[in-house]
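Naming follows writing order (A, B, C and D), and every chain is counted from residue 1.
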Amino acid sequence: MQLALIGAGRIGQIHAKAIAAHPGVTLVAIADFLPEAAKALALTYSSQAMSTEAIFADETIDAVLIASSTPTHAEYLEQAAQSGKAVLCEKPIALDLARTREALDVLSSNPVTCALGFNRRHDPQFSALKQALAGGRIGVLETLSIISRDPLPPPAEYVAASGGLFRDMMIHDFDMARWLLDEPISFVQATASCLIDPAIGEAGDVDTAMVTLTTASGRLCHINNSRRACYGYDQRIEAFGSGGMLQAQNETETRLRFTGEGGQVEEKPQWFFLERYAAAFAREIDDFVTAWQQQRAPLTSAHDGLEALRLAEAAECSLKEGRCIALDEIR
Amino acid sequence: MQLALIGAGRIGQIHAKAIAAHPGVTLVAIADFLPEAAKALALTYSSQAMSTEAIFADETIDAVLIASSTPTHAEYLEQAAQSGKAVLCEKPIALDLARTREALDVLSSNPVTCALGFNRRHDPQFSALKQALAGGRIGVLETLSIISRDPLPPPAEYVAASGGLFRDMMIHDFDMARWLLDEPISFVQATASCLIDPAIGEAGDVDTAMVTLTTASGRLCHINNSRRACYGYDQRIEAFGSGGMLQAQNETETRLRFTGEGGQVEEKPQWFFLERYAAAFAREIDDFVTAWQQQRAPLTSAHDGLEALRLAEAAECSLKEGRCIALDEIR
Amino acid sequence: MQLALIGAGRIGQIHAKAIAAHPGVTLVAIADFLPEAAKALALTYSSQAMSTEAIFADETIDAVLIASSTPTHAEYLEQAAQSGKAVLCEKPIALDLARTREALDVLSSNPVTCALGFNRRHDPQFSALKQALAGGRIGVLETLSIISRDPLPPPAEYVAASGGLFRDMMIHDFDMARWLLDEPISFVQATASCLIDPAIGEAGDVDTAMVTLTTASGRLCHINNSRRACYGYDQRIEAFGSGGMLQAQNETETRLRFTGEGGQVEEKPQWFFLERYAAAFAREIDDFVTAWQQQRAPLTSAHDGLEALRLAEAAECSLKEGRCIALDEIR
Amino acid sequence: MQLALIGAGRIGQIHAKAIAAHPGVTLVAIADFLPEAAKALALTYSSQAMSTEAIFADETIDAVLIASSTPTHAEYLEQAAQSGKAVLCEKPIALDLARTREALDVLSSNPVTCALGFNRRHDPQFSALKQALAGGRIGVLETLSIISRDPLPPPAEYVAASGGLFRDMMIHDFDMARWLLDEPISFVQATASCLIDPAIGEAGDVDTAMVTLTTASGRLCHINNSRRACYGYDQRIEAFGSGGMLQAQNETETRLRFTGEGGQVEEKPQWFFLERYAAAFAREIDDFVTAWQQQRAPLTSAHDGLEALRLAEAAECSLKEGRCIALDEIR
């Protein structure tokens, strides 16, 4: 696969590394709003800097990976579809449902292999959890708990443009919940506070949140978010059912354990997504390439992006109105 | 302390055992609705069966432990206070607020040492957690998660008279939340389903529930209940704050670990409260006796029973009305 | 059982506590070399101080527990047997084989219920390990590893009279090895150093040791001793076989876990044998009483004391001569 | 670095993979006793098959990696040195000391960058352990325990040519012991049995072994080997010292945990060295390339191979003679 990367920032660099390590993909071009950034990254990976116009016009390019700033996602996604290129787009497609739906319409009319950057579905541990659920390891699933805490809160200026915690951070957990609950979600209840950084509150957002989802059959799902965990990236999932419980636990760099006067000490969790989801990013590229080669659907879709966004909107609405929101209300 | 036990059923027997092992208490009398039950238990612990009338009339008796059926709690509690006896009363005082308040009024007018059977506060691990929180181990507390799952669902007939999951089961978690959050609770949100036994649903109750509490300063608390965990009694608490996280984990009979073709296997959690809270029951008696001797307040109070019940009512109300309930609404 | 305790020191006090908590035993008398010590302990447990002569002469006394200083064990053991009393004797019977054999001869001629203070066999975890081995959980046992480390080294004056690390400390591990290996031991190899306290070396002893035992069928057993582990009492056993591995792990006071910037911290192991083997001491008394009541053999015997001592002598000999010792050489 | 690989078998393939993933090395040639094997592997990695003669004659080749059969190692090592090529040689250099010393002499006269395939030194966890020891995390090191168990025993015909368990398997642990003990080893004691497969015994070897090493200052080291662990590759190290204990534990594919009626189950250890030491093989290549570029010594040396072999010979001698061997006796 001849692939072009749009966006040479933090997340673009992560993808570039994963692409370089994959034998089936060649990183043929890199575009960025800052040409220097594109050039620098191209140099590292023996690629070349190119404009997005040139990329979409180049028929030898099979696919694009969109890792540019959020407001550009929908437009590039549409251009990719219209130019017949496979596309792996970072989430979110857009911060509102209307713009997201427009992009989905363009995709409908221009069907290409399209994956969305819900990288966590590709994490080996969550993947094993999903498989165990599907295999009936815990009988009938009844409750799900997703804990997701970032190591450090973002700067207030980031928060302002982020769409808020539900759209920016919990969106990953909404996707994970949808994927693991494996049935339609009916209701959404949200509670949240600003406890970590008053500047986040002043920017109109929250930094600590709990959301409860209810599915059609009555399954309950708890999502627990914090923008700051001093011990690192806290990424755990607990699935409980009639036949037992599955727990995806935090990973550490090594399993070295020290025992001394202060107790028995193991390493703290890996610091952030770069470390924690390194394998997931590699597997995400692999799933995308393989799906394109085999003309099958990737593990994630643009539609997953739309549905996760609806949950985020429902949560925001629940928080504002202090009531349980039926997902049907969010259109 | 010369103590009389009212109630010779399951929970009464647990208390009898803890009393017998305490050097500072003599179990001088046992009453039960079924005189044979009182006699049998009295025989085991070299005590004597006695009517409740005789117990309250006997001036040599310092204290009573009320472990009879729920509808009798308030009345016996009042009689204990009126006869000037210290009293350790099993929760709940009553299933409704009005009756509970009446009993509290009698206690106000007849001040005696009075403790309520929120046994979990005496558990060594939760006690260590409370102490660590108070000592600032995790800085400022921000969120709390309480998981509490019984091994087996109760029979539907029990459910009918129980007051429902929030009053009967989650009441312990409400008390734990109040104790650990350490500030007034402002809002209550509840979600629940009947997923385990349809008979429970037919009896008008739920068997799986998630509740979110919000405190005055915005702390969030998640409570997670299930009436059935096939692996045993699941009793965990996670406190998260600015300086880290504390996790009270399930206990096992021993730490023996087997590694074989199927993986690395440790014992499942202890089966039920008899095993899990054996130490807590012993410490509860000790706290009660010591409080009486030193004329200080026990760790739990009748007021704690009232406040936990208000939370249960708020949860029930939230579930019914599908909205966030301000605790002030519940009077 | 009417029981007299001989020895009111540290280990005597531990036994007194376990006796007091057992419903089937009455602690009727306590003797000690220091009459005040006997009186003080008698006061605590509503017993009475008595001389050893009076104890052995008192026909209402069913049993004696010998917890006096090591040089007196054999003599009291013989007197107990000769006066027809059941006896639970702290290990060792004596520090040399000849004196031990004399006592065993007296026991042969005067058969009474006789147990030896190898308390670890009664530990719930090791007991579960033994049962799992017997039940074939790991197929055929091939290797055993026993780690046993004290929190603090004894004073050098204690060391001088102790008989040395092999007789004083590793004796427990030799007994555990015999019990778990469950077949005759053929060879003993020892290596040791003085690394912790030079005063121990000057007293002619070692403080760090590794011993390898080989059984008749070729099973291998590693014993690992240190006189000082700064994190507390380190008591672990690993059994490895054709079908897997069983590991008895250290116990902690509670399972509370803290996660912070420094890592994930669990409590250090319980500090010393008082805490770690509290349940074992209780079960040891129970086994002794029950054996006496049912006229069956207790879990431990005087013969076990002799055999453990032979292993200690073999280890000492191996260390001195730098060679593998056939146990047959030690008579 | 232009590198040629000699040996296209199992271990050669592992190295080829690690080489391909390293940006600083080009795999320019592959040789094998079976030309087809070389061709097949060359095809996979876009390299070319070549004879060893051609490789050593080619001046554009900077380095060779020797992964051919054991009897050829010494010769190729010498040729590499004589042709001025850096060399990473799989262990052992030879199965006897004399031949090993000859090769070392050639290396002395023809100094090139030379590393030996003690891959475990490069394992991230053992590396962290080494660093923690060096940083004084446990004060003064006193004892070391190394457990190393293979998942499956080798076929008897392999055993016959392997040089025996001490030379073939425990050699890795001897190297690890030398590296971590960090001072001269003075004495070696070995005990061993054939418990797993009688065919191994008939081939004159053992399959289960325990060795004790003593260092100059009296540190003790226990090594524990088994040729078969049904639960996978068991690779653990425990270092104990005046200030605490460090434990390198087994790694698992993921941290997913299941709790059900049978207990709390985590995955079994990774199956074998391919999985367990994947990161170590990658880091081994990196250390070799970096050492060559920077003209510094690699982490391992040919001398380490000689010293580990001396320990293996001492262990064999100890087992045969039933005595403790002074390492000075092995020349």
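Keep in mind that, in the parts below, a residue touches a chain if its C-beta (ideal position, glycine included) is under 8 Å from a C-beta of that chain, and two chains touch if they have at least 3 such contacts.
Source: prediction; values computed, not measured.
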item	value
Pair exhibiting more inter-chain C-beta contacts, A-B or B-D	A-B
Option in A-C, C-D or B-C whose residue-number contact pairs overlap A-D by over half	B-C
Subunit A and subunit B: spacing of chain centres that average the CA atoms, whole Å	41
Whole-Å separation of chain centres (CA-atom averages), subunit B against subunit D	58
Touching two or more other chains - residues of subunit A	230-231, 243-245, 259-261
Subunit D residues touching subunit B - in the complex, by the definition given at the top	230-231, 252, 259-269
Touching residues on subunit B, where the partner in the complex is subunit C	21, 124-125, 128-129, 132, 137-138, 243-251, 253-261
Touch list for subunit C against partner subunit D, complex	140, 142-143, 145, 149, 187, 189, 191-196, 208-210, 212, 214, 217-220, 222, 224, 226, 228-231, 234, 240, 242-245, 322-324
